[in-house]
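Next come two complexes, and both contain chain A; in the first it sits with chain B, in the second with chain C.
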Partner chain A sequence: MKFLRNTIDKLKPNFEKGGKLHFLHSTFDGFETFLFVPNHTTKQGAHIRDGIDLKRTMFFVVLALIPCTLFGMWNVGYQHYLALGQEASLMDNLLFGLMKTLPIIIVSYTVGLGIEFAFCQVKGHPINEGFLVSGMLIPLVLPPDISLWMVAIATAFAVVIGKEVFGGTGMNILNPALTARVFLYIAYPVEMAGEIWVSGIKGGAVDAASGATTLGILGAGKEATVDTYNAFMGLIPGSIGETSALMCLLGGVFLIATGIGSWRIMLSTVLGALGMGLILNMVGGNPYYDLPAYQHLIIGGFAFGAVFMATDPVSAAQTNRGKWIYGALIGVLTVLIRVFNPAYPEGIMFAILFMNVMAPLVDNYVIKSNIKRRLSRVKA
Partner chain B sequence: MSTEAQAIEEVAVKEKEPLLSKKNRKLVNNPLDADNPITVQVLGVCSALAVTVKLVPTLYMCLSVLFVLIFSNLAVSMLRNVIPGRIRIIVQLLVVASLVAIVDQVLQAYAYEVSKQLSVFVGLIITNCIIMGRLEAFALANKPWPSFLDAVGNGLGYAVILIPVAFFRELFGSGSLLGFNVLGEGYQGNGVMMSPVGACIVLGLLIWFQRARNGYSEEA
Partner chain C sequence: MQPFAKRISAMSKVIKIKKGKDINLAGVAEKNVAPRTVSSTIAIKPTDFRNLVPKLVVKAGDEVKAGDALFYDKNNPEVMFTSPVSGEVAEVVRGDRRAVLEVRVLADSETSYKKFDVSNASNTKEVLLESGLWPCIVERPFGVVANPSATPKAIHVSCFDTSPLAADISFTLSKEGDAFRKGVEVLKSLTSGKVHLNVDANGQNQDVFTQTPGAVVTQFAGPHPAGLAGVQIHHIDPINKGDVVWTISPQHVVFIGRLFTNGQLDLTETIAVAGSDIKKPQYVETMVGTNVEVLLKDNVSGDNSRIISGNVLTGTSIGANGYLGFFDNVVSAIPEGDEYEFMGWLFPSYARPTISNSMPISKYLKKNFVVNTNFHGEERAFVVSGEYEKVLPMDIYPVHLLKSILAQDLETMENLGIYEVIPEDMALCEFVCTSKIEVQKILGDGLTLMAEEG
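Here is the complex of A and B:
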């Protein structure tokens, strides 16, 4: 540790104003604050209730993602050996999953951080931890067999078009991880559908395995038997990190307990989906309408989206009442898109992105109505 | 009295203006960059999004717009003193519509495939805001020669944006250029570039590039 500190202190003058490497000061600063707590002190009166900063926020979300990630890795292996009909131990499953998942994670971080560093350098901004979470979220919402060059393109798109053009971390309108996924979904529809959800069965290696997700089957208008236990635990094919509602729940509890994620958004999203599901149940008609409302919560990426994507503090609504409206509409829209538009099986992705765009509008009306209410009190 | 004399004097000076004076050259140069109809005035965007999937139809579209723009500007400029102000829009529409009908017929006769690809967008040149905008803002108040130059400038300004957009969309969307495969058989077409969303993004990037270069910023 001491050696590291000494080295950094020795290098520091080079990067300060007037130093010959000053043009790289953002990068240097980024590494230094990443390795050590910065020793900058506040010069004027400070009003701190809690030392929470971007670093801790982002770090906690990454912590909350660990259960999903580990389980996701294991599930990739589990689904693979299940489809092949082979017995596999816990380690086998994990190792196979690790081999599939790790390259995707590495590509996502390398590309994303590379672009982020370049932009900070050019703009002269300090480097922040904004991409730490996105870089983890992107692999978790992708299928295990995705080509790495697609991951790279999608990440680059998400960081540049989804984030940097709006001014970088904290300024983005859309959730960057979902931007990456929706990009792939629209740019390469063939590669993002069909037999991709179980790793290693593409190309007819296994005849018996269908590899389709529940959403895919239901979307095709067929009846799907949803095994509630398996779907809740996450023992189903799907994107790497999103299959297990239980693990998302763990992450969600952690986020709520640490005050990072908004419980209002999570709860209202669930309520919205349940409500819409119940209404459709009453209407009835085809297997999708009749799917028990609670099962909407555990199939597909609903749980993952509600916990990790919808609560993104930048792109979500900011006011408390706005959060209720925002979350509820995400839930309602998710079920609506799933049931009424089978061409887009994954409704939560579109629902969240749509509400990301609408969030400022929701806030605007919440604030306006608040002003109106208080104004009428003044007049009375 | 004195102002009137001045005005007359100015008119007299104007008539002696060389054909390609600095002011006239500006009419052509300005719309190419600093006052581009698409990236700065944000006009004619619908066709920029709709016809730029492939380069070939885009080139035809640019030529068609250039043709219609030049001749409608000329015609309206020549008619400007006899068009009654209250029905000027209808007269302009008539002029544009007849020219578009000519373009449409020519395309159908000599470039049937392209005309099918462009489908309604040839007809929709009538409603292209660039054309109506130039007629209203320029041709109605200027002589034929400056109007001609203005039309050339704006038509080229339109093309100068559409062609790069189509270039990138065809390159990344289908891996080809002008219909010839350049990225290899194995290239996987990018669906975003095939959809109008891709045009919107490429257009945005072009505007970004242009503004970064020109140092333009939106006034608050």
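Here is the complex of A and C:
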């Protein structure tokens, strides 16, 4: 540790004002503070500070994503060999998935961090930790056979338009990872609707139907039998990291236990979806109406969205009461979009983005009621 | 006689504070009082009073008695700030733009007191103003020295302190019951409303406070900041726009009681000297404005300590030979944290106080922490939500209030309740902040802006 510290101290003057590499000072700072918590002490206000910081907070979200990531890699391989009708071992599946997934992750982080570093450099800001999470979320919501150039464009769009134009981490209105996803969905509808949901079946090697997702089939107006076990475990085609409700549940439990993710949002999103699903079940009529309410929770990206996307503290509602409303409406809207607008099967994505935009309004009303309470005291 | 808990429950209600956090630190003062220790020079610091613009009435070399004015408030010229000792004005310490930071008085070996006429009940206010005890009264909104022409709707005395390493007030004032009761009697003449004594529901030996005739006793239970007057007022009778509420510490009530008993200014107090860098943390009898050097002599371990007048959340860093603040009854000494910590954000190398479940060992460890002044991170934009709310037991949206201050939006500040808080009330928010935002500074700036323009 001492050697590392000494090396950094030796290099540091180059990056300080007047040094040759001053233009890279934000980048240097970023790496230095990653390795060492700075020796900054309190100057004014409270003399002592909590041990938590944003690095830890963000890193814990990445930790929570590990089950989804590992399972997702394996499932990419599993779906591939399943579609080809070949036997494959756990290692085969994992290896195939790794080969498919790793390039996407690398592209996402390289492009995203590159832009982030450049922005911080120009603005003279310290490097923010936000993209640690976004960079992992983006690959997990993409199909396994997506072209890497699309990953790059989507990531760039998400970081620049989704975040940096608003002022960087903490200032954005939309969830950056979802911004990337919806950008691809809208800008490249043909590519995204193709046979990229199961890896390695392009070119008609296999019957196209086997590459379709549950939501895709339902959207086409056909009856889909959801195998509850497979959907819950995640043994179905879909985006890399979001097929397994079980893995999302693990991540969610971890986030709630560590206090990093909002249990209010997760719970209210689930309750909202269940409630709306039950109402539609009572109405009944077509296959989509009749889909049992609980199955809404395990198909598509619902679980992943509820746990990892809706809970992004920056784009979500920020008041505790607002979080309940925000989450519940995401749940309700997800089911509504899925059922009433089958052209957009990914209801959760649009529901969250829509509620991201509405979150400040929700908070505004919550706060207005607080103001009203305060004013009514004067009259009383 | 009935047990204490039973007697008190018959006379007052208990308000339970649920949100908050007790920060347990190593080096709690032991309950024995070291003999009187006062430095040869005493300093009164205008900076202890929010937004005060002092006007000096003495210069270096002048002779003063205990109770003679050193300076007054430019905006309220009748408010005097007086010397607690007799002697010679040794030095006026100035800072940026010649702002007065300290007025130091070299004390005589034998104190001669200025006599105040306390026989006449009609001139209570004048005596308080002249004696220099008026500035003990803090006015809300804004947390400034009370305006003598205002009549508060209530006066609140928080009779316990929940902050880290706090002095046990029921212990330090255990022999001051008479002076305390006398002081409360004086305070009652200053308000048309009530004098509230807010006591610790779980405290021992509260009789010194609860046996006070004519005051409203309310019990509070719960973690810090349950002991802050701001929180207590919010739960008893919140401050609305146009309201004026005064607060005063029990120690200062005793000062007033003493003055109105024998007609002279006696600012002797028992304070705690505490913290992990103090070899023998205990109480000591001393005086307002003493140089802490005499209290810390041969008593500080380590050579890199931060000496704080007050507690570690709201106090002022004064160095090893600074002067005890006017309102402070604890001197805290903790190690500086100016060291790098390898991957400390991921693998903390020692336990530290936290409210985050992401550090389960630190959070659930039942021990008194040795805490240092490291920032444990870097300042960032607001990201995490719902964090301040966990430690602010008030019906206030703290982050939105702070954002309205940053935007200098006076109307929103008012709507969101800025009148109800002063920086100390939100010190815990600053402590817990993941983004390391300077909450007390922002709130202080907002209060100043509001006081000037609101």
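Keep in mind that, in the parts below, the second predicted complex is superposed on the first by the 367 of 380 C-alpha atoms of A that agree within 3 Å, B and C clash if a C-alpha of one lies under 4 Å from a C-alpha of the other, contacts with A are read in each partner's own complex, and residues count from 1 in each chain.
The definition used in the following text is that a residue touches a chain if its C-beta (ideal position, glycine included) is under 8 Å from a C-beta of that chain, and two chains touch if they have at least 3 such contacts.
Treat the numbers as computed from the prediction; the structure is a model and nothing was measured.
K.L.:
Which partner does A:56 reach: the first (chain B), the second (chain C), both, or neither?
P.N.:
second
K.L.:
With the two structures laid over each other on chain A, which partner does A:21 touch: chain B (first), chain C (second), both, or neither?
P.N.:
Neither chain B nor chain C is touched by A:21.
K.L.:
Thinking of the overlay built on chain A, is A:122 touched by chain B (first), by chain C (second), by both, or by neither?
P.N.:
Neither partner.
K.L.:
If you tally the residues of chain A touched by each partner, is the higher count for chain B or for chain C?
P.N.:
When the residues of chain A touched by each partner are counted, C comes out ahead.
K.L.:
After superposition on the shared chain, which partner residues are touched by A:161: those of chain B (first), chain C (second), both, or neither?
P.N.:
first
K.L.:
Would you check which partner chain A:188 touches, where first means chain B only, second means chain C only, and both and neither mean what they say?
P.N.:
Once the two structures are laid over each other on A, A:188 reaches chain B alone.
K.L.:
Is A:320 touching the first partner chain B, the second partner chain C, both, or neither of them?
P.N.:
second
K.L.:
Using the superposition described at the top, list the residues of chain A that contact chain B and also contact chain C.
P.N.:
Residues common to the chain A contacts of chain C and of chain B do not exist here, since the sets are disjoint.
K.L.:
Under the stated contact criterion, what part of chain C meets chain A in this complex?
P.N.:
23, 164, 238, 240-242, 306, 308, 312-315, 317, 332, 334, 336-346, 348, 352-359, 362, 371-378, 380-386, 389, 395-397, 399-400, 415-417, 423, 427, 430-436, 438-441
K.L.:
Inside the complex, what are the residues of chain B that reach chain A?
P.N.:
The touching residues are 188, 190-193, 195, 197, 201, 204, 208.
K.L.:
For the complex, give me every residue of chain A touching chain B.
P.N.:
It is residues 161, 165, 183, 186-189, 191 of chain A that touch chain B.
K.L.:
Which residues of chain A touch chain C once you look at their complex with the stated criterion?
P.N.:
1, 4-5, 33, 35-42, 44-57, 59-60, 126, 128-130, 167-171, 257-260, 262, 313-314, 316-320, 323, 363, 367, 370-371, 373-375, 377-378
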